[in-house]
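When the chains are written out, they are named A, B and C in that same order, and each has its own residue count from 1.
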Amino acid sequence: MIAALANPRAFIRFSQWAAPLLGAVAAVLGAIGLWLDFTAPPDYQQGYTIHVMFIHVPAAWMSTFVYACLGGASFIGLVFRHALADAAARAAAPLGAAFTLLALVTGSLWGRPMWGTWWVWDARLTSVLVLFLLYLGYMALDAAIDDEAKAARACSILALVGLINLPIVHYSVVWWNTLHQGPSVFRAGGPAMPPIYLAPLLTMVLAYTAAFGALWLVRIRSEVWRRRAGALALRAAD
Amino acid sequence: MLLGRELALSWGRGGGPLLALAFYAATATLLPLATGPEPARLAALAPGSAWLALALASLLSLERLFERDFEDGALDLLALGPAPLELAALAKCLAHWITAGAPLALAAPIVAIALGASPTLAPMIALTALIGGISFSFCGGVGAALSLGSRRGGVLIAVIVLPLFAPPVIFGAGAIDAYGAGLDWKTGLMLLSAFSLACLGLGPFAMAAACRNALS
Amino acid sequence: MMIRLDIEDLSVARGDRILFRKFGLSLAAGEAAALTGRNGAGKTSLLRAIAGLIRPLEGRIHFQAENGALPPEDARSRELHLIGHQDGLKAGRTAWDELKFQVAWTGGGPGAAEAACERLDLKRLRGLEVRKLSAGQRRRLALARLVASPRRLWLLDEPLAPLDAGRRAAFGELMKAHLDGGGMILAAVHDPLPIAASAIELTA
């Protein structure tokens, strides 16, 4: 299916029905997720702030997932020299950065009542912050190089370097935390999460993924159109 | 042979390591001005700040690593030569480490002590700075190669590269702190060395790919 | 040793703009071609594509040796010289150091740098820093490696632009000697070359 999508025209046709569908799925799942979320009982320890978790955890998951997608698209663009893959990678970056920012902000909001401060340098939050910086670096590089093909390749190399680095950064931050015994050893609901919370959480994760899919397809499609328009304009000018 | 030329180039231009050292001294001076001269607090921060300022000072000369060759056509010659471009990138980063990283590493203990760190930490600081310098030079080289032909140069390199500096900064500072506290410092040092070796081994491939992209 | 260069159906683009399509050229040992065309027509890009720095959109570039086809990597790293617009010289080093490096880098023998100095009348400039040389002197220094490290194919991008008439004639002698020895020259020029060469115009 991926190979069939590689043709830009086929892709545009695909995205024209797939994007609204995914958008609808995202809306429905999001509504269900939020309803489940608000009807879930407050956690005995965290009180009503547990509701922020349903926004925060999926966002954090998405930030890494989108980076993996970006890395995958970059790899295909680099190895197979496919313009659509390049466009996909660059389209995904702002979306990923938005999810990461959402994760950081909601993480801070969630932590405030518990820790008493707006920010804590624990392993997870710091890793997410570094991931945010990686996204910013990617977007800065994309914006700074004028030639589109060169920008795409340079960004692809950066994305792969970042992808390799990501687990290292995460590990290093975890290691650093064990050294310093930070003020919170923060387990945002690990496997011991009661099932009453699992359902809304998973629903929200799926909703976010669908939303990302829809937005990503729309962005790639508009990128393809933009390039076509640009090429037509150049040819008309000759 | 290429290494010799690269060394001569980076040493000769702009007074060798003096500029980086001056920058290092300047940032180190600003630190107590910013945080207050309280000895206890400074001493606690000292090794870490010395380490951080070292990373920033290495960034300084990175822009020139590939940009000059790109502009005057020497990069073409390197790309077309008998040796692969990866080796040329390796030689450039090694030269950068020898002329900037190593002097900074030797200055680091002095700076740290000036900021109030205990002198017993000095050998550890120098060692971590020396090894960490490799990762700074090579990661920084990747950033420099990627920004070839872009409009923003130095700041762009910093934005790309600083997140990648996080692991060596963490490992190095962690090793120093552990050494000072009498805890196991070998792990931190080994992690730092592993990261630096990885940068040395893998960096040139990314750099060469980025250079070829810029030349095309 | 390379004896022939064949280009078929070459199309090159820069960014989104296609410079030229389906370009063809054959150059055998002893032949020279002068590439002409308006500015921006793609002469530099063609030379760089042959040298392997730019990837063409389509087309084939063949390097032929006496005993069969040459693999492109070998041809590009050992059988051709590319002298571009820029000189590839580092401003802070002396002329002699740069020449020695370029000769060693391109595989010239031990006495080659000396000999090249003689041929191109560079002896007085040896100790000077490159930044102090004039454009013409720098160009002669850059051209020196053509003489010092013999390679069959010369890809030259406006090689004689900064040189005066006397120097151009002198370099013409060098080019003639190169062709007589079985070499090939492809030069992008605005003015006629001081040697006999077939003229090829590069159009879109």
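Just so it is clear, contacts are C-beta pairs under 8 Å (C-beta built on N, C-alpha and C of every residue); 3 or more make two chains touch, one makes a residue touch a chain.
Just so you know, these numbers come straight off a predicted model, no measurement behind them.
Chain B has the C-alpha centroid lying closest to the overall centroid of all protein C-alpha atoms shown. Chain pair with the most C-beta contact pairs: A-B.
The distance from the centre of chain A to the centre of chain B, each centre being the mean of the chain's C-alpha atoms, comes to 31 Å.
A straight line joining the Cα centres of chain B and chain C is 38 Å long. Chain A and chain C have Cα centroids separated by 49 Å.
Counting partner chains per residue, chain B has residues 216 touching two or more of them. Looking at chain C, no residue sits in touch with two or more other chains.
Chain contacts: chain A has residues 147 touching two or more partner chains. Interface residues of chain A facing chain B in the complex, by the touch rule stated above, are 130, 133-134, 136-137, 140-141, 144-147, 150, 153-154, 157-158, 160-162, 164-165, 168-169, 171-173, 175-176, 179.
Looking at the complex, you find that chain C touches chain A at residues 14-17, 204. Those residues of chain B that touch chain C in the shared complex are 1-2, 5, 8-9, 12-13, 68-69, 71-74, 76-77, 79-82, 212, 215-216. Residue ranges on chain A touching chain C, taken from their complex, read 147-149, 227, 230-231, 234, 238.
Residues 48, 51-55, 76-78, 80, 82, 84-93, 97, 101-102, 104-107 of chain C are the ones touching chain B in the complex.
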